[in-house]
Amino acid sequence: MDLSVNIAGMKLKNPVIAASGTFGFGKEYSKFFDLNKLGGISVKGLTLEPRKGNEPPRIAETPGGILNSVGLQNPGVHAFIRDEIPFLREFDTAVIANVAGNTVDDYRAIVEILSDADIDAIELNVSCPNVKEGCLLFGSTAAGVFDVTDAVRKVCKKPLIVKLSPNVTDITEIARAAEAAGADCISLINTILGMSIDVEKRKPVLANVMGGLSGPAVKPVAVRMVYQTAKAVKVPIIGMGGISNESDAIEFMLAGASAVMIGTAGFVNPNVWVDTIQGIEEYIKENGFDNAADLTGALIE
Amino acid sequence: MDLSVNIAGMKLKNPVIAASGTFGFGKEYSKFFDLNKLGGISVKGLTLEPRKGNEPPRIAETPGGILNSVGLQNPGVHAFIRDEIPFLREFDTAVIANVAGNTVDDYRAIVEILSDADIDAIELNVSCPNVKEGCLLFGSTAAGVFDVTDAVRKVCKKPLIVKLSPNVTDITEIARAAEAAGADCISLINTILGMSIDVEKRKPVLANVMGGLSGPAVKPVAVRMVYQTAKAVKVPIIGMGGISNESDAIEFMLAGASAVMIGTAGFVNPNVWVDTIQGIEEYIKENGFDNAADLTGALIE
Amino acid sequence: MDFRERIVKTETLAKDIHLIRIRSEQITGKAVPGQFVNVRCSNGLDAYLRRPISICSVCPTDKTFDIVYMKRGKGTSLLCGFCEGDMIDVIGPLGSGFTMPSAGEKIAVVGGGIGIFPLLYLLESCNGVNKTAFLGFRSKDAVVMKDAFEYASNKLVVATDDGTFGVKGFVTKPFFDWLNVNRPDRVYTCGPLPMIKSVAEHCVKKKIFCEVSMEQRMGCGIGACLVCSCKVKEGPDFDYARVCKDGPVFPAEKLIFE
Amino acid sequence: MDFRERIVKTETLAKDIHLIRIRSEQITGKAVPGQFVNVRCSNGLDAYLRRPISICSVCPTDKTFDIVYMKRGKGTSLLCGFCEGDMIDVIGPLGSGFTMPSAGEKIAVVGGGIGIFPLLYLLESCNGVNKTAFLGFRSKDAVVMKDAFEYASNKLVVATDDGTFGVKGFVTKPFFDWLNVNRPDRVYTCGPLPMIKSVAEHCVKKKIFCEVSMEQRMGCGIGACLVCSCKVKEGPDFDYARVCKDGPVFPAEKLIFE
C-alpha cells in the first residue's frame, strides 16, 4: 500500500500537510511529534518585509470553530530563508512557502526570492481576510486571481499552488482563473470572513472586529467548494477547512482533493496530523483501495 | 420596558420571528407553546404551484449545524391562503409570507396574489440554494436581486422584505441593490451552500448532493454579514443564522439587526423562540436599556 | 415545556444494544405502539440534532417506558454515557402509531435488527389477539429481547443471517413460508429496507393488511421542516410524506420503495 | 503523545472557585513556577479550544499538581463536571516561568483574583527567601488559599475591594505602602490589568526587578499560531510577543500596557 501522492511535480509521502499559519515554521510542533511523518508543511504566510500583525485579541471561539485575525504577522521572507529553512530541511517533508502581498509587485518579488530558496513549492495566499490591503482583494475576483497568478507564474521556478478564498459567489470561476494563469495546483479553503460579539462588553471579541472562520464549523462549505472546484479544473487540489480526523480528510479526498491540509484542529489535538495519516492508512486497507491517490474523486454519485 | 419593534411599517410585539421553512405554517409548534408569544412567523417558502421538493435524504448533521435540501416543498400559494392563513390568524402575531419562484414573472404573480391576502408582510426568498432554477440565481448578483425586487415592488401592497443569500462575494452590494429597488427591509442570512459525504458509503449524505448549511456553525458569518449590511443600507434588517439563545440574538441586534429569526435551533429546543424572548427581556433590564429597539446597532466600537 | 425526564434504569442487552428506561407521566400517558421519542444525546453541539428512537415498551403502573438503541454513530455513542438517575431530554410521543388489531384477529409482526423494538410494544398492547412474531438478526450475538417477544406473542420465530441461532437466513423466508399456510388479518413490519420492502410487496400482492414503520433522517421530528420525506402514492402520481408526522407507520400499499 | 492524566482530587474552594489535582509524572517532572497547562474541557465541539490554566502547586512526592480555576464561561463550566478518578486532557507545562529568586533575597508577590494561583507555586518553590505576599479579592467570599499563602510566605497581606476581609480597597495600596519602607529584590505580579499595570509601572519607575504574568486568548498554546499577542518594547518600536511561549511571564520593563 502506498500513501504517497504526487501533486504538481511534488511527491508527498502522504496526503497530510500542516496548514499555513497554524503550524508556524514547524519548531513548536516538532516537540510533539516527528515532523518526518508529515506529507508537508505550509509555513506561516510570508511577506517581503516583516509584519507585526493585528492588535490582540486575535482569536474568538465560535460554535465548532474559531475566528482569527492574526493579520500575517511574520518575520519577512529573508528572515524565513535565513532562520527557518535550515531547521525545516532537517526533516524529510515537503516545505511549502505560503506568501502574501499588498500588490502584484510584492507577490512577484517574494516569489522571485523564494524561487531560489530551498523549498518545495510556493503557495500563493490571495485569500487572507485579515489584512487591509491586497490579498483577499485579489482573491475576490477571477481577474484579480488571474493577474497575481499570471505575474507570479512568470518568475516562479517552483510548483505553484494558488490558495483560494471561500468568500466568493462562484469558486469555480476563481479556480479556473488560477488554472488559466498557470497554477500547478489549487488549495482551498482559506478562512471565511466572520465576526463575534461579546454581548456583556457589547464589543467585538476581536480587536480587528472581523476575522477568519476555521475549524469543524466550516467543513461542509469547504467540502462543497472542493467538490465544485474538482469538477471545474484539471490541476490537483489540496483541500482543507475543518478537518479533525481521517474521516474528515477522506471526505475531502472523495470530493476531489489529492491532498489535505489541517490547521485549527491541531490546537485541540496536537497529534491530529499523525493520527489522520494513520487513520487514512487504515481506511485504505479496510475499504479495498490500493493507495491514497485512489481516494481522490472516488465518490460514488 | 417595551419589547416591541417597528419594521417597515409592521409592529412586532417582540423582535423574535420564526424563520421560514423551519416552522411550517405554525401548526406543529403551536402544540409546544402559545404562538401569541412570537413577534412573527415566516412561513414555509411558497411558490405559485405546489412543489414536491427534493428526494430524501434531505438533511445531514454537520459540526454544529445541519445541511438541508428540502427544495421548497409546499402546497402552493392558493392552498396556503385557503388552508393555512385562517389558522395563523387565530394568533396575534405577524404573518410573513416567504415566497420563491423560477422567474421574475413567478415572483410577480405570487406577490400579486399575496398582496390581497390576509398577511402582514412578504419575504422574497431570492436565496434558496436547493432548487435548480431561479431563486439563488437571482440572489447571487446585485442585478438579479434588483430585477426581482423591482418587479415585485410594483405590485406589492405589503411591506416587502428581501431575504439575501450569504453565498456572495460582497453582501453589501446585494443589499444596496435590494434597497434601491424598493425593499422595505432586508433579512439575512439564508443557508450557506455546503456538502457532506458519508465516507463509509462513499456517497453524499444528501440525495441532492449539496444543501444549505444552517445552525450555530454559521453564526459568525451571519453576524458579520448583518454588521456589514447595517453599515451599507438604511432599511431595517432582520438577522438570522445560528441563533440558539438570547445571547446569540443580542449579538445580531448589536450588529445592527432590528429583529431576528430563529430556525434550526428549534429542532433541538422547541422552546427556543420563547426562551429567547424572555432572555432578551432580562438582558434589557440588566443592561440598562429601555426597550428592545435600543439594542439595534448598540455595539461599542 | 420541560422535556427532561428521569432515567430509572439502563441495561446492555447485547454488544452495542442498550436499553434506557425513562419515567415520564407525559409520555407513558399518551404513547401508542409505533410512536417514537426524539432524544437529545448531548447538551451542546455534539450530535446536535435529536435522535428518533422507537418506544419499545411501556409500563403504565410505573409510568416508565423503554427505548432500546444500537450504538452506531455520534449520538447513540453519547447515549451510552447516560446512567440511572440522570435526566434525559426526550420529546414524545411522536408520530402516528400502528392500527391496533381487534380482539380475535390474527396478526404477524416481522422485524429485523433495530426494527424489532416498536413491534414489541405493539405485541404487548394487544391481548386477545393471535400473534406470531418473526425476528431477524445478524447472528446469535445480536439476538436480544427474545424472552420478551416470546412472552408477548403466541409464537416466535427467530432467524439469523449466519444460522448461529434459530432459522438460518433472512427472516422473510420463514415468514413467507408461514404465509403460505396462514392468512393473518394484519402484518406489521419494521427493519432494513430490503426486508420491509419484500414483506410489504408480498402482503400487498396477497391483499393482506400490512403496515410498515419507516426510517428517515429527521430535523424537527414534529412535522414542521419537511426533511424526513418518504415517497408515497398520490393518485397516479407520488408525493412526499413526513415520516415523523404522517408516519413512521404507513400502510404498505401507500409506499413507493426505490 | 497521550495527554490524558488522572484526576486525583477535586475541591470547591469558594463560590465558583474550584481546584483540580492531577497526577502526571510528565508535567510535575518539568514544571516551573509561572507555567501553565492547556486543558481540554470537553471531548467534542463545546468549548472547542483548550483553556490555559496556571499551575498553582506541585507535589513532587505524589507526582501531582493543582490547578485552580474560576467558573466563568463555557469551558470552565464544563470543568466543573470533572470528578476524582476521571481522566483529563492537559498539555503542559507550557510557557516561560518566573525568574527564581536566589537564597537570601527579598521578594514580594502581588496577586489579584485568579491571578494569585501561579504566585503560590512560586512562593512554595523558593525557600530561604524573604517573601511577602499581597493578595487582592473582591470580597470575603472570594478569599481562597489564605492558609497556603500564609504558610508559603513570611508575611501575607490580604485586601478586599469591599473591606469585608483584611485591608479595604485595592491590594496595590498596602503593597505601595510597603514599598515605601521596603526595597525588595524582586516583585512578581499577576491579576487584573489595572493592577498589574500599576504594579509594573511603579516598579519600573523605582527600578525594582519586576515580572508580570500576562493573560491572552490562545489558540495553539505552544507558540505556533501567533494569536496570543501582547505588546512589548522592541528598541524604539514595539513588537507582538506570544503570551503562550515568550510569556506568560514578562519583565515589567518590556511590556507596553494600553
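For clarity, chains are labelled A, B, C and D in written order, and residue numbers in each chain start from 1.
Keep in mind that, in the parts below, contacts are C-beta pairs under 8 Å (C-beta built on N, C-alpha and C of every residue); 3 or more make two chains touch, one makes a residue touch a chain.
The structure presented is a predicted model; accordingly, all values stated were derived computationally and were not measured.
Engineer: Just how many steps, at minimum, does a route from subunit A to subunit B need if it may pass only between touching chains?
Structural biologist: 1
Engineer: Which chain maximises the distance between its CA centroid and that of subunit D?
Structural biologist: C
Engineer: Can you check how far apart subunit B and subunit C are, centre to centre, with Cα atoms defining each centre and the answer in Å?
Structural biologist: Result: the chain centres lie 36 Å from each other.
Engineer: Between subunit C and subunit D, what is the separation of their C-alpha centroids in Å?
Structural biologist: Centres of subunit C and subunit D (C-alpha means) sit 56 Å apart.
Engineer: Any idea how many Å lie between the Cα centroids of subunit B and subunit D?
Structural biologist: 47
Engineer: Going by the touch rule set out above, which residues of subunit C reach two or more other chains?
Structural biologist: In subunit C, residues 45 touch at least two other chains, as defined above.
Engineer: Enumerate the residues of subunit A that touch no fewer than two other chains.
Structural biologist: Only 60, 63-65, 215-216 qualify.
Engineer: Just say which it is for the chain contacts: an open line, a closed ring, a star, complete, or other.
Structural biologist: It is a ring, because the chains touch in a row that closes back on itself.
Engineer: What are all the chain pairs that meet the touch criterion?
Structural biologist: A-B, A-D, B-C, C-D
Engineer: In the complex formed with subunit D, which residues of subunit C make contact?
Structural biologist: 42-46
Engineer: Touching subunit A in the complex: which residues of subunit B?
Structural biologist: 60, 62-65, 67, 140-141, 167-170, 192-197, 199, 201-204, 209-210, 213, 215-221, 223-224, 227, 242, 247, 250-251, 254-255, 283, 287, 298-301
Engineer: Would you mind writing out the residues of subunit D in touch with subunit A in their complex?
Structural biologist: So the residues of subunit D in touch with subunit A come to 1, 40, 45, 47-50, 74, 91, 216-231, 238-240, 245.
Engineer: Residue numbers of subunit B touching subunit C in their complex, please.
Structural biologist: Residues in contact with subunit C: 21-24, 27-29, 31-33, 44, 52-53, 55-61, 63-66, 68, 70, 73, 215-216, 264, 266-268, 270-271.
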